[in-house]
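In structure tokens below, several structures.
You will see two complexes here that share chain A, one where it goes with chain B and one where it goes with chain C.
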Partner chain A sequence: MHSREKYVKWVLMAPALLILIGTTLYPFLYSFITSFRFWRLTRSPVPKGFVGLDNYIRAFTDAGFWNSVWVTIFFTIVSVVLSMLIGLAIALILERATKLNTFMKSLLIFPFAMAPALKGFSWRFMLNPDYGILDAILDFCLPFMSDVVWLGEPYWAVFWLAMTEIWGWAPYIALVFIGALGALPKETQNAAKVDGANTFQVFWYITLPQLMPIIIMVGLLKTIFSVKMFDQVVTLTGGGPGRATETLNYYVYNQGFKFYDMGYASALAYILVTTMFIFAFVYVRFLMKGEQK
Partner chain B sequence: MNAKKLVGLSIGVVFLLGLLMGPSALAADMPYGLKAGMPYKGTKLTFLVHNAAQSQAQAKRVGEFTELTGIEVEFLMVPYPSLREKITADAVAGTGAIDLYCFLDGWGPSMTGFLTPLNDFLKRDGIDLSEKLPPAYIKGGTYDGTTFGIPTRGHPQLLLYRKDLFEQAGVAVPKTWKELIAAGKAIKEKTGRDGIAMYYGKGNAAQNLFLWNAFLKSGGASIFDDKMMPAFNSPAGIEATQYYVDLLLKYGVASPGSKFFKEYEASQAVAQDKAAMVIVWWWHFGVLTNPEKAQAVVAENMGFAPVPAWEGKGQATLALSMPVGINQASKNKEAAWEFLKWLTNPDLEKANFLDKSDPKTRTIVVVQKKNLVDPEINKVSNGMHKAAAASLEVSDTFPMLPEWPEVAAAIEVAISNIAGGADTKTEMDKAAKEVTAIMKRSGY
Partner chain C sequence: MAAITRDEKFWEGMRRLGFAATFLFMVFPIFWMVLTSFKVARDAYSTKIFFAPTLHNFISIFQDPYNFGPLLLNSLIVSFATVAIAIPAATCAAYAFSRYQFQGKNALMVAVLSSQFVPPVVVVLPFFILFKNLHLLDTRLALVILNLSFVLPFAVWMVKGFIDALPSDIEAAAVVDGCNRFQVLRHITLPLIMPGVVTSAVFGFIQSWNEFLFALILTNQKAVTLTVGLMGLHTDKGILWEHMAAASMLIMVPIFAISLTIREYFIEGLTMGAVK
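== the complex of A and B ==
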């Protein structure tokens, strides 16, 4: 009876496993093999011969690739740090259960629910110097910057790209933190207050350390999403001005789907995946381990 | 001569006439050279095309084709930005699930592995494209002497301008770049609107090269030299590029947003009564004269004119087309060819253009020579099609190379940087170095 149950379990799981293998594992392995082959769709609709590590070596001498690496790192740092800080600040403000806060919390999910591509389009429209509402507000509030074409300047373009991401993610992160704050034991905080700690000290020495496991998990999740930033690059900046907002994922897409160099695009994608894997491993191994002590 | 001999002779004469007059005579009862007798009845075709008003109008009338041939056609419409991705994914899968693709001319050479050569079909059915289409449109569907697609949508560039603002400023419609700058300054000074909306931004099919090409070519420079190595960083090329961006940087007649605008945003700057001129594909005229899409004062006052040129030099503009080709992996190539013949017939194009029952169809265009000079069409468009035909005479496509998308991306970055204030020569040299590497990697 026991062995039959074991057998039924696998039969029931088989369709899901087959779909998973077909849609994830197979493309994963296929693209890995492709990364060692010459395959330009302009020459052949099927992969050609093996070229060893040529595609990987080319990446390390490709200025466009390195530019996209630096853009991705810069964007990731800005978007992760600001999303977490703003998310935490919103969570602390809305933590108390009042009617207004409950209403505000329900609004928080909307920016996150918005399609990333649509975020890019909307922000591009709002920043248009001819008829953009955000551009008009900024011109009014900061008249000394009224000549700035926000998406026409490299650093501002990266900033606004990060803002679209923060605008979507900070409220979601706030919701996660609100949930975590509600689950924290109140006894330690009350004890600290009785001992004379002020609000900041309670937050810094009691609340924040207790929140740390959640902060680390959310940080990892947000980092992964930031590193693979693509949609808003396409719809907000198109990678410009120049190459100022060409993230690594966007660069890989261009190599594969615009320039039809599938071998090179596969190699770049694997560099991205491997880097992310190492980052996630180190992050979890050391930071999470530290938290468990 | 007895009756038997007479019948035999008659059959022989009819057969010989049939041979001499070609297939068109044998299918004389079928329009557009379609095969008689519905040999592909019951076939179902899938046509992948972008979601333009033109495609919607074609889909609306496809029942006529089904009635004539018994072939059913499903229009698979996707937004233009994802069209290439969709073609690539389907073509690489190689299942033949989609029978026909509509593609941008510049993509064609890089997609020849996915497309069926059409030369044999054309020859068999006695179709001479040069009789039907302007040379730039034929070139847009051809690579290395082989035809891979026939366009149903194509665009020449035109200068679209506000007649009322020109009148207020007391300036004439510019014929040269110098006159355009002078007109732009006068308009800015007297009406408060920006002279022209340019689009130097990056990110959508290298749109910032559309007008750069006009400056470059009419300035006597070229993108490549005879050995297919970059020539756009020659002194003439640098001068043309500098002049192109100086509309914004030096003369200040372009909208400030031009620095990051894409083509549609430049057109919108005019639609929103912010700028007086824009040089774009002619279909934008349909948008700018539509009171639902543009401010009323704009819609009532739009005019069109040929693209200006350098002083004392010839005019040179770009033409863009969207050919339709047959998937190499299609299992219904003959039926697909029948559909392509119907889709590219001038009667369908004319009927679609003249049908103004839906305001969304204002952006429908014609590409056939016959229709470009058709009096009825020109009456409706106030002669724009004749002006377009003249523009097409001096138009050319971008270089038809498999490497073009990669080359264009390199130059696109340079233009975007230059419009942001970077040094023109440095950026163009950098782009030329990149393009040289691309071309060498491809064996040039």
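== the complex of A and C ==
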């Protein structure tokens, strides 16, 4: 190999790596340092002294922080489980390559490509107790719940917040699963059918185990993106009622850009980062295993 | 040919039912927004399906006091600029990752991948202070810089997927014929992976176009984008839904149009990055 050839790859990678160092690594390290400082932008434009672990310790005695942790966990579980189940169901429905199914697959792009901020507003409109269409439909179908103001009850508010996320992600997950289903070997399924297994048994004992690696991957990816979710909190509920939909992400935003408490916000952000990187680590391990094949 | 069993009939029925349910679930929220955008205010605050349609909302959002015109321009400029920087850089990097073996390559690729998982709020905290000191708050440049933080890593992985799928024999032949690596990339590889590059560009465009958090924090007047502009329709009299719906169309329709034109590559590119 020529000696010049050795540098080519670095020249090729340089622009991308420099941009990423500037836009990700720099803020990443800066936030880390800030998380050990006392710094309220309202009082001083430059950081004050280091306070050790004070900001982190403060988080653990802060009821608002713990609330946001529970909201995030609740939201993540609901949105991950439901978007995976609905996504898998849609994939099984559209599995065969018919004309109608191809048309439907194109439609699936729409919810996914829609701006998350818009998802929040659109569902907020539909859930309005006075003129919301979804509220009217639900009142008709479930008359015993007609008094429920959907975004006014803490648990329902989190549920609908999760619903906006599910609505956008289930179609994406369905598309991933359709691709995966198409790549599965058909022989085992056919053999099981010949041996007298019914449709459900074939799915449960053959297809599902074969899909498992992809289900885990998608589950991890969805978990990461659920923890990252932000836009719909602002546009659907604004964190309310009370603090019922204040996710950790939203809480960091409030501390940073409503109270301008940069030190505390950075510490909270780092707690968020640590959690996310645990999931990201597992995800990347899985993905790189596939890479080396 | 085996006779159709009761079991198969049952699941076929379920499938049809599921198809209808999926269609309703996916389309209805969008349909309702579209419908509302053609309603006068009085009809918007009702569940009417039949009404006298009007185009008034689409005109009114471009007039005082809403003025979505400059917002549309901001969204366009920011998204195009982000893509124009991210895609060439990502394509070069993806090529290097795909075609070279070197020490630390995996670690570097993981770093690129992981940068997508950094929560945006962590990125924006330091940049808010930096941009404040540099007087770059409320500028399009600030938005482009931050949008790169998530568009670029995604594009690197996506383009890499397309290059990986391309056999390297053709390139090897060109190298033997005396082409250098840049010529190979420019004249051989690039034309072949063009669909992948275009798909990544469309993706990057959509991501920038839909971006909300950065624009919410970093802009307040001059550089406000469409998504943040929606917040302006949330007045003390409540949300002006008929205008909100019209503005939503302004955001949705271009995105839907471009994703439909590259539909097949779109689905391929979407599902490729995530699982392999």
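Methods note: the second predicted complex is superposed on the first by the 277 of 293 C-alpha atoms of A that agree within 3 Å, B and C clash if a C-alpha of one lies under 4 Å from a C-alpha of the other, contacts with A are read in each partner's own complex, and residues count from 1 in each chain.
Methods note: contacts are C-beta pairs under 8 Å (C-beta built on N, C-alpha and C of every residue); 3 or more make two chains touch, one makes a residue touch a chain.
Just so we're clear, the structure is a prediction, and the values are computed from it rather than from any experiment.
Applying the stated clash criterion after superposition on chain A shows that chain B and chain C collide. Contact with chain C, but none with chain B, is seen for A:199 once the two complexes are overlaid on the shared chain. Contacts of A:26 after superposition: chain C is touched, whereas chain B is not reached. Of the two partner chains placed by the overlay, only chain B lies in contact with A:241; chain C stays clear of it. In the superposition on chain A, A:131 makes contact with both chain B and chain C.
Once the two complexes are overlaid on the shared chain, A:212 sits clear of chain B and of chain C alike. In the superposition on chain A, A:69 makes contact with neither chain B nor chain C. Residue contacts after overlaying the shared chain place A:254 against chain B, while chain C stays out of touching range. In the superposed model, A:17 makes contact with chain C only, not with chain B. Touched residues of chain A were counted for both chain B and chain C, and C has more of them.
By the touch criterion defined above, A:265 lies against chain C but remains apart from chain B after alignment on the C-alpha atoms of chain A. Looking at chain A, you'll find residues 41, 45, 130-131, 234, 257 touch chain B in one structure and chain C in the other. By the touch criterion given at the top, residues 81, 84-85, 88, 91-92, 94, 109-111, 113-114, 201-204, 255-257, 259-260, 262, 265, 268-269, 272, 274-275, 328, 402-403, 405-406, 409, 413, 416-417, 419-420, 422 of chain B touch chain A in their complex.
Within the complex formed with chain B, the residues of chain A that make contact are 41-45, 128-131, 147, 149, 151-154, 157, 234, 237-243, 254, 257-260.
Of all residues in chain C, those touching chain A in their complex are 5, 7-8, 10-11, 15, 18-19, 22-23, 25-27, 29-30, 32-33, 36, 44-47, 85-86, 88-90, 92-93, 95-97, 100, 102, 106, 108-115, 117-129, 132-133, 145-146, 148-149, 152-153, 156, 180-182, 185, 206, 209-210, 212-213, 216-217, 227-228, 230-231, 239, 241, 244-245, 248, 251-252, 255-256, 259-260, 263, 266-267, 270-271, 274-276. Of all residues in chain A, those touching chain C in their complex are 5, 8-10, 12-13, 15-17, 19-20, 22-28, 30-31, 34, 41, 45, 86, 89-90, 92-94, 100, 104-119, 121-126, 130-133, 136, 167, 171-172, 175-176, 179-180, 198-200, 214, 217-218, 221, 224, 227-228, 230-231, 234-235, 249, 252-253, 256-257, 262, 265-266, 269-270, 272-273, 276-277, 279-280, 284, 287-288, 290-291.
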